[in-house]
Amino acid sequence: MTTSPEFWSIAVYIVAVLGLCTVMLGLSALLGGRSGARARNEPFESGVVSASPENLRLSAKFYLVAVFFVIFDVEALFLYAWAVSVRESGWVGFVEAAVFIFILLASLVYLARIGALDWAPASRKKRQALQVHPKNQGGASV
Amino acid sequence: MTSVQLWALLPLLIATASIVATMLAIAVYRHHRFCASVTVGGMNLALIAVVYDLITGDNLAVPVTGLMTVDAAARFGMVLILVTTLGVLTLCHAYFEGYKRNREEIYLLIGLGTLGALTLACATHTATLLVGIELLSLPMVAGVAYSMDERRAIEGGIKYLILSAAASAALFFGVALIYAHIGSLDLSAMSQALSAASLDQPLVLAGAAMMIAGLGFKLSLVPFHQWTPDVYESAPTPITAYLATVSKLGVFVVVLRLFHYGSSPISPLILTALVGLAVASMLVGSLLALRQNNLKRLLAYSSIAHFGYLTIVLAVPGDESLRAAGVYLATYLVTSLGVFGVMALVSSPMGERDAEHIDDYRGLFWRRPYLTSILTAMLLSLAGIPLTAGFIGKFAVISAGVGAAQWLLVGSLIVSSAISIYYYLRIVSALFSAVAAGSERVSEPMGWAQSFGGLMLVVAMIVMLWLGVYPQPLYLLSGQLAQH
Amino acid sequence: MISYLPLVFVFPLIGFLILAFGRGRLSENLAAIVGVGSVGLSAATTAYVGYDFLTHLPASGAYVVPLWTWMSVGTFNVEFALKLDGLSLTMLSVITGVGFLIHLFASWYMRGDDGYGRFLSYMNLFVASMLFLVLGDDLLFLYFGWEGVGLCSYLLIGFWYKDAANGAAARKAFVITRVGDTFMAIALFILYREFGTLNIDELQRLAPQAWAVGAPLATATAMLLLGGAVGKSAQLPLQTWLPDAMAGPTPVSALIHAATMVTAGVYLIARTHVLFELSPVAMQWVGGIGAVTLLLAGFTALMQTDIKKILAYSTMSQIGYMFLAEGAGAYQPAVFHLMTHAFFKALLFLSSGSVILAMHHEQDIFKMGGLYKKIPFVFACMLIGTLALTAFPFTSGYFSKDEILHQAYLTGHYELWAAGLFGAFLTAVYSFRLIFITFFGPERWRQAQAHGHGHGHDDHGHGAGEPHGAHTLDHHIPLAILLVLAVVGGYIHLPLSAVLPEAHIAGGDHGPAYIAHLPFVASMAGLVVSWLLFLQFPQVPAALARGAATAWIGKLWKNAWGFDWLYDALFKAPFVWAARINRNDFIDGLIGLIPAGLRGAASLATATQTGGLRWYAAVAGAGLCLLIAVVALH
């Protein structure tokens, strides 16, 4: 197999990546101290003793919000790219940006309507609504 | 952006608009038939746009921004994609009618996937390839896991997500390697590099191997096939149909652009890899299906074998093999829609479980003779029995393979077909076997023929037989694939 | 006008589809209207197209209506076109015209049968296939129709499938004709390999250029085609299926096993006559087979007691005449006889069907007798049909058979001529035997009745009761029209001269003048002999049956010269024997290794489908590495 310079550079790159990983993992294994105490396997939270098991369930809403943030914030980033070239891209660019914003808005409307932005699930919302007007509930049941 | 370009891009624009419209429709008025109609209407408009373009225009290649080109091959692909999508949509309507949770979002997902497939059909640049492939795969992850209450669905979704992401990574790593050599991301330049690849270009070769692996995953070629049965099994039946048809179709158009459209035949080194993949897919696919009792898994394996057959055309240079590819794709799509269609219609009212075990179909003929006749005809077509569309497709591929003296491939195809007849006929014999009264597993709705899904099935049946008896128009139409 | 041609076979096809899908839902009347009407429309279209053809004769002698390109893959190109020339028009008229009359009769005959719609649907499918056979301009399409009519024949022979014997008869017909079909398929392969086309016109143009007269390949092809023709037309040595085919309903025997399908072999030889002309040996075989078959069948018919079997053997013998004519190069008389035979044999079969129904499903002529008083119209039909069959002057059969014998003589085929002449004598003997025993003499059915009552438990339900005639129009009209055709059919002039060559008359030798009258003399002699033997002195045949030697010959004739026995001994017995010693199936054991191996491989492959995500990823990764290794480290 004949060789070309680009192949060598790639080969060197791959070797370097592998080498770095090996060195990092290997050195820490070699040099790091080992200790085996009772508390070693406990979760470490800034010195505070953990109060509950670590596999507690976070509400899915946290993830949802994170995803919405990524979607809308990152997509808004595209508008910056447009903003610096508004004049160059002209009306075509304007129309395209308008379509883009419209689609973002439409998805926002969609998310709002399906209740993705409500923090409380639909079932609890109903319960809360009943608690605000307990008399209605009571009156109806009597 | 000129009006010609806009006009050429119209199907994609309409598809996009119909997705947004569906989203708004769900937001405004959540109603199953209404939301389905919005998507179906949009896809129909897009189809009309393509067909109008095909009929009236002079079918020129219209490059759009260097990222896409709408040429005859793209239009042919788009027609197939849109027609198949419409078929799947009708199945969804029938299947999800009895579903308890939100039913409308499935149309959104299918619309997005179709947009991805359309993008792939027009892609001439790896950037478009990236967008198209992800747009096609990601909605399908959600589609596979659509019945969230089932563990199996979630499991399938996660498998598909992770493996498909890994495959995309391999694909784009390959792209990057080739880019490092040729300095261009254009698909035609890549295709040129692939045909000229020689032993002193290790970057191109390694890149080609990784691209083949990535694309092979999407087409579920052996050894990148293992996700297929698990995902097909866990997905709702219409989504399985979609995965088996549209999802592979879009990718295959790109594969043709990469491995077939070069000005010179493909490099023998890469050809070896493709031949190996094809042979392995045909044989392993059929072997895996041999003793399978779950119909969905069986069809997954058979689709592996079928795309093995189709890969033969990549090993045969020239326009005739492209024609064969077109014929094969069209016949495969019609037949798959038919088979999955019957499964979906039989499954829909069951709620908790799809009718997928072979026992569910035992003696079906005595209860639903017409539906069973359609299923039988479609299975025979998959097996490639003469006078069905499947025979024509297989005949075209074999004649292409024989023309190029690819005896290994043709031999594998014949062996695999011989095995396949066994497992297809096994189902057929189950359909017609006597069943003791009271042991009927499935109670499908009587009025299936009145639903859109039933109508689609009848049309698919007619088209399938028509193509089997009189394939010439399809041959002519498939010539589109050779114009690029 | 000519563009209406496809409708000719589209109508029966639509009729078939309606009947097949509407089975059990259509009333008998509706099914009859669809089934008979479709063939009627087809006949009307034929008449219209035929009139147009005859008034605007094409210069080339044929109209070709290209329909569509069926398939075009690379160099493999199959175009489908219909061809209408004098020959196909003749066949077309016979199939649709006689076919329509038989359908009409069948709609009466089959009333009350469980499978009424099924019967008519098969019949329509048969007509469509037969039309396909004669209209295709390509041997491939001819073959398609050829197989189609074979299938319909199978379905209709076994129509009353609840009786296992009928199923066996159907299977026998199918298997034996299949032997012939295989020969024909090989002939087509040879032709395609040599000329790259199966278009009949092309073949007729190319074959004489490529092959010299008597070339070995030409002889092989012609002999193989003859094999196909012999199978379909029930000639020696593949004739044994036809008598068994009488298990089907009588209209089926009339349409398929007398008027149309069995003459397909004659049509095939006429259609490809250029190929046969290239091989004098094959021509000799055609004539020889015809002559031997007509004699053997004639003797056999003498001893039969089943009314339909007599007619079946007579059909065999009449087709023998057609083969004989073709062997002598006299194609036009052969096709002429094909047509007249269709008329009078259809008439005979339909009348015999009527007789059988009148006798409550009794087919043995020795249980009939004196029927001419009971069913006079049917008797008239039968008599006219028999007169035509025996070539009584100025009936249709007279013209065609006379011309065959005359041309055989003129072309110098004296041995064929002599065989034909003797055959004419035999024909008269056995035909009038049928007439005399069935319609004259003592009323044997009365004895059978008394016999049945004497035992008191005649639960067979037939053989008893007074013969009763039919009085409906759908029974009378077909018979009446066929009656007229059987008489005047000989005056029809067929437009065949542009398609089929004239026979090569050797050197103007017309022979002595009495030659032309000999066939008539032979028939008359046969009539007289028959009258003497079976009506005046019935004790003579009875005495003959008692003599050892004559009884043995009678038995031989009755069993059709023992061909069934011979084939059983030659083919079936060794096969059964081989199957028996190979009961454990040694070869199947070997073949069984394949599925066993596959099953093993399948379980190996299935073991890889663990369902584990990590394993899948690992396999894909390993595959990728392998791929890179294959590509990069070639």
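As written, the chain order gives the labels A, B and C, with residue 1 at the start of each chain.
The definition used in the following text is that contacts are C-beta pairs under 8 Å (C-beta built on N, C-alpha and C of every residue); 3 or more make two chains touch, one makes a residue touch a chain.
Model, not experiment: these values are computed from the prediction.
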Inset, instruction - Assign the assembly's chain-to-chain touch graph to one of these shapes: line, ring, star, complete, other. - result: line
Legend entry - Pair sharing more residue contacts (C-beta pairs) when A-B is set against B-C: B-C
Inset, instruction - Averaging only over C-alpha atoms, locate the centres of subunit A and subunit C and give their separation in whole Å. - result: 81
Legend entry - subunit A and subunit B: spacing of chain centres that average the CA atoms, whole Å: 32
Inset, instruction - Take the average of all CA coordinates in subunit B, do the same for subunit C, and state the distance between these two points in whole angstrom. - result: 49
Inset, instruction - Among the residues of subunit B, pick out those that touch two or more other chains and give their numbers. - result: 199, 202
Inset, instruction - Give the residues of subunit C that touch two or more other chains, as numbers and ranges in rising order. - result: none
Legend entry - subunit B residues within the subunit A interface of the complex: 1, 20, 23-24, 26-28, 102, 177, 180-181, 199-203
Inset, instruction - Using the touch rule from the top, collect the residues of subunit A that touch subunit B in their complex. - result: 1-4, 6-7, 10, 92, 102-103, 106-107, 109-110, 112-114
Legend entry - subunit C to subunit B touching residues, read off their complex: 68-74, 76, 595, 598-599, 601-603, 605-606, 608-609, 611, 613, 615-617, 619-620, 622-624, 626-628, 630-632, 634
Inset, instruction - Mind listing the subunit B positions that touch subunit C in their complex? - result: 158-159, 162-163, 166-167, 170, 199, 202, 205-206, 208-210, 212-213, 217, 222-224, 226-227, 229-230, 269-270, 272-273, 276-277, 284, 287-288, 290-292, 320, 324, 392, 395-396, 399, 403, 419, 422, 470-472, 475
